[in-house]
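Just passing along the structure, written as structure tokens.
Chain nomenclature is as follows: A, B, C and D, assigned in order of appearance, with residue numbering initiated at 1 for each chain independently.
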Amino acid sequence: MPVSEFYAGEPPLKYSFMDDYSEGAHPQILDSLLRNNRTQQTSYGKDDFCEQARKSIRQHLGCSESEVSIHFVPSGTSANLISISSCLRPFEAVIAVDSGHIVSKEAGAIEATGHKIIQVPAVNGKMTPETLEKGFRQNQFAPHMAKPRLVYISNASEIGTVYTKSELCQISETCRKLGLLLFMDGARIGAALSSHKNDMAWRDIVDFTDIFWIGGTKLGALLGEAIVIKNTQIAQDFIYHLKQHGALLAKGRVIGIQFLELFGSNLFLELGSHANAMALRISTLLTELGFMLSAETETNQVFVKLPLALVDHLQSRFHFYIWEETGDGHAVVRFVTSWATEAMQVDKLNAYIKQGLVLM
Amino acid sequence: MPVSEFYAGEPPLKYSFMDDYSEGAHPQILDSLLRNNRTQQTSYGKDDFCEQARKSIRQHLGCSESEVSIHFVPSGTSANLISISSCLRPFEAVIAVDSGHIVSKEAGAIEATGHKIIQVPAVNGKMTPETLEKGFRQNQFAPHMAKPRLVYISNASEIGTVYTKSELCQISETCRKLGLLLFMDGARIGAALSSHKNDMAWRDIVDFTDIFWIGGTKLGALLGEAIVIKNTQIAQDFIYHLKQHGALLAKGRVIGIQFLELFGSNLFLELGSHANAMALRISTLLTELGFMLSAETETNQVFVKLPLALVDHLQSRFHFYIWEETGDGHAVVRFVTSWATEAMQVDKLNAYIKQGLVLM
Amino acid sequence: MPVSEFYAGEPPLKYSFMDDYSEGAHPQILDSLLRNNRTQQTSYGKDDFCEQARKSIRQHLGCSESEVSIHFVPSGTSANLISISSCLRPFEAVIAVDSGHIVSKEAGAIEATGHKIIQVPAVNGKMTPETLEKGFRQNQFAPHMAKPRLVYISNASEIGTVYTKSELCQISETCRKLGLLLFMDGARIGAALSSHKNDMAWRDIVDFTDIFWIGGTKLGALLGEAIVIKNTQIAQDFIYHLKQHGALLAKGRVIGIQFLELFGSNLFLELGSHANAMALRISTLLTELGFMLSAETETNQVFVKLPLALVDHLQSRFHFYIWEETGDGHAVVRFVTSWATEAMQVDKLNAYIKQGLVLM
Amino acid sequence: MPVSEFYAGEPPLKYSFMDDYSEGAHPQILDSLLRNNRTQQTSYGKDDFCEQARKSIRQHLGCSESEVSIHFVPSGTSANLISISSCLRPFEAVIAVDSGHIVSKEAGAIEATGHKIIQVPAVNGKMTPETLEKGFRQNQFAPHMAKPRLVYISNASEIGTVYTKSELCQISETCRKLGLLLFMDGARIGAALSSHKNDMAWRDIVDFTDIFWIGGTKLGALLGEAIVIKNTQIAQDFIYHLKQHGALLAKGRVIGIQFLELFGSNLFLELGSHANAMALRISTLLTELGFMLSAETETNQVFVKLPLALVDHLQSRFHFYIWEETGDGHAVVRFVTSWATEAMQVDKLNAYIKQGLVLM
């Protein structure tokens, strides 16, 4: 018996709504890894699976091979730091909202590549044309200020909100007007594009940005993100960036197989829809009960202000993140759902919330 | 039917001895990934599997928890660049042999972290106390020369040779004498420690080095390497380095599960023994036939000088790497075997070699 | 006749209050450069002048040789980027106020060394213990947030305000409590310590900080700043940092001679007093005339909100910086005085201000 | 009396042939600094002196303003690290000879900007088309090897040899053929172009390279080098690189005035001729006496193998550098002459050499 056998059957003591990467991969992915395990393949991303996955992704994007190049990396941090540093000369800076993921959740990974992040205020978690243009104008004192060159946004945003087509279009136009490139962090792009608030197709993302990435880690893969590059100058020699940052896996097939499963059918957005539906079921109850959401539940994250007594009650059975202690006997907490979230557990959580209210 | 189904049964037209990462993972690993797929786990390397894998590795090393800390990263390049840069202040340099992997196969990844590599001549692919000390002495013109601080070696070396206990001991003592840290790249440490030339135990590696890593990618894992840190100053806050370089996977379990399978039993070195035995079978035939090996076959790589006509003949049925065109109607070629190499294919290769000679 | 002769006698069309580096050096400095020109000296900062200058600075600081080490660099940007990067491991960050010089006036030089700047709100241009501690607390989510390790302040601040002894003492204590190092940018430390608001001696700066620098460029030197390091760990091998960043001049004497003149007597602070007095003469008139200062004139910079018509009037005869267009028919402008500012020109400016009011 | 007065009249106990930066600046330069000291000027390299110096340099180069842009930096290390890093994307490498200045005398400054140096063997201190092309060919294994993009040469070379027009032309053509940029380190370009071996004009340097710099520090200036950029893509936004690396002096005039003096007449090459003549006088005697030069004396450096007894004798009266202990009772020593070297001291050195021989 393998030594790890004992893990298999253990029931978790508490169910976790901590994040969307608590489980392994969608079964179809593991199945494919198993089925294709013995075939010999070329290394470093030139295998048949990566090639096929790129084709499938391009079909979803509505792009020809010459329109976009696609590269796979193992983590979101890799995707962000490589994408950003590949767009910038040493003295150029990226503009992001102050709540942006790269501002405070990447351990200084962007700065470690030598680049400044210019912060502008977020509006509902998002960049607006106005804040963008103002940030740009305030950083034009050459050569004393790092030169703004790239705009970073994430969809969904750090608080789970999504960009509408009109919003993204305006940011894109502002970028072109100001001579800026536009980059979208898509760690949760699957949740964003399957949001009830979304009115964009994949093709719109291609049209409005210069480079973006599709997050696999947070939507069904064991690991892996796909960077999609439209700008041909950025695309040139891009693979060197991957290699230099340790993001080019010898067995590229590991990520290729996963994206082939996710994009060989509609699986990817179906998983997003499930995650979003689970979150909505929680937030719907919470608003019915009169609790205040910190941000509208547009994707798979619920941010809500709850009384500390209720938080304690829920923590006895569930894991979730205390986002902010508000100091008034309440806290903002975050519930995250995923492709793997079981509806039964959502129902249990909702039941516990209602039960907790009775007890209070 | 999943879109990738069609791959499953395809026979390869040519069998590949190109490298040791052409296949997926050892079946026991995939089995464990599948079996443990649904259990919810803490993210970023704090899951039960990583913890258990660390314990298993420590048992093999003969180390207590307080003696070494262990971190998992997705690739060898990550392992090298993070290990090296975590040991050095900005102006400090690493000494390596001129044929070392970090000198010419990492796309400048070490320099990209800001550090110079001081090159010294390799002797049979390896560092010696004499070349090390000479390199150190020649780089003492402060502050005009980057300050030597770390020594990089790999075991097995870039040409597949291994360090004996006595050799490693002497390098270690030279390092201590000169105030240098010692780092071992273990991309193929499994092959090295299961070599017929090896006289070291895992514990010796711990005793003689300050930091080293154990390569999973080239010995049965889908991906993943384990960095082992003895030096407490280097170990402090090490996880930030991982995060900042994009090497801290959200689903740390993916690597934890794999190392737990490899080190939960003797599987890891058993796989190394198989790979080495396959290589020896090839080189034994080649030397019997009178061909000149470029380096003794001490692990899973065979370097041999062959006539171009024979190379052509073999290329019709096998993939392998042309290491160097020697310009005299010959070429040095490299055959690499792995945990997955089929004995039958080795026999076929050997038969083809003999057949080729008859035809020439 | 040398080709540049024709420059010598030209009267400037407009007198400049643009900055404190519009002229050359204090005559005593040029005299010493001339007098000592032919003596042969050891290179790279080991010359007699640098040694003597270090002694003189230490006397002013009230420090023995073993207490602080002193290094000379050619520019303020060099001083900031070298000081900061020498204090930090790759994943560590520096905390600064959002109006801090390194945040937006160094072309991303700090980030180019790989380090994040964590921004906290400025209070009257300065850091406070409260904003510092809050910024520290909000960046403790390891390893996702760059680890706070160093605090950057400047004295005088970016808007010309100075730290009192009590204020600096509290920041220093907060740093020690939180395990942070404290660094002071002293580009205008001469103006700060000769401010009427100042209650600190040089020794206090040594006692309260771990590393700081004394700006020569903005107070009478052709170029050059002196980095003073109390922390012995930072001081170790510091000269390598200088060399690696191109800040170690072959003819170190050039800066040594200048600091020897500035610190061989009380010249340095005397020059600061003059600059401050000139600024105060301007701001005193402006406040008498009822104009609103944007910041109290504590050193050699006057920030004042003026009607655009008056600004136009003054621009016909003087150079100065439009700090901010306020959009209400006014602008905040900055007048900077220096060691070289002629009292007669200040009087002219004041006369023009009064004349301008009459004309409006 | 200024505190530094006592230095002025001291005779040096030993005369130094250690380097070409032991004295201050050419008197004409100090005179101009003094004469132009009070005129107010725009900061950061936009002053009249810098503008005029650029014009004078362009006249010597035979270039129009649109052909080359010129920037001033304080040190040779700055010039090298900024020039090189401005030419390269993150994964690109520079090729240099193994004895090149950037390989071992810049404290890792090039690598600190993130770039690998690919080393090729030097031939008489210089790059050849053959070694260049071979180095290029051996680094084409994409993406595992950093991509060669720039060639670094220095004229004069690290051992004082110079490139002929034919040699430079061939290297330039090889670069163009291989898609490489060519960069010349001109720390001693004045000595090179005034060498009796030189057959190039300034214009040839412009024609054959993409970017080069003219060293002031080692030929009469207090400090300062002029970077000349022909390649328009590199030139774009170049000033940001200066600022970000701390190489943009607030009082840009300090370097502008110096280059205006050096290039406003033929002073620069006249100083080079003097330095070279002084060196030749030493090496002529040494060869007459039968000593072996390690490299032909083509510029202002003499490398010669001398018996240790003679070395000791000379060290009692002169400073010079022991280049290499050869272990056979001899040492290679280096005598460096400069614009400031006194003929009388050269004669004394020569007399001491002859006297030493008699005593031995």
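Convention: a residue touches a chain if its C-beta (ideal position, glycine included) is under 8 Å from a C-beta of that chain, and two chains touch if they have at least 3 such contacts.
Nothing here was measured: the structure is a model prediction, and the numbers come from that model.
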| item | value |
| --- | --- |
| Each chain counted as touching subunit B and subunit C at once | A, D |
| Remotest chain, subunit D as reference, centres from CA atoms | A |
| Comparison of A-B and A-D (more C-beta pairs in contact) | A-B |
| Subunit A and subunit C: spacing of chain centres that average the CA atoms, whole Å | 43 |
| Inter-chain centre distance, subunit A versus subunit B - centres from mean C-alpha coordinates, in Å | 33 |
| Distance from subunit D to subunit A - Cα centre to Cα centre, in angstrom | 51 |
| Touching two or more other chains - residues of subunit A | 90-91, 106-108, 112-114, 143-144, 146, 240, 243-244, 248 |
| Touch list for subunit C against partner subunit D, complex | 2-5, 7-8, 10, 12, 15-16, 18-19, 21-25, 27-28, 30-43, 48-49, 52, 56, 73-82, 106-109, 112, 217-218, 222-223, 240, 243-251, 253-254, 257, 260-261, 264-265, 340 |
| In the complex with subunit C, residue positions of subunit A that touch it | 90-91, 93, 104-108, 111-117, 119, 139, 141, 143-146 |
| Subunit B contact footprint on subunit C (complex, rising order) | 44, 85-86, 89-91, 113-114, 142-144, 146-147, 237, 239-244, 248 |
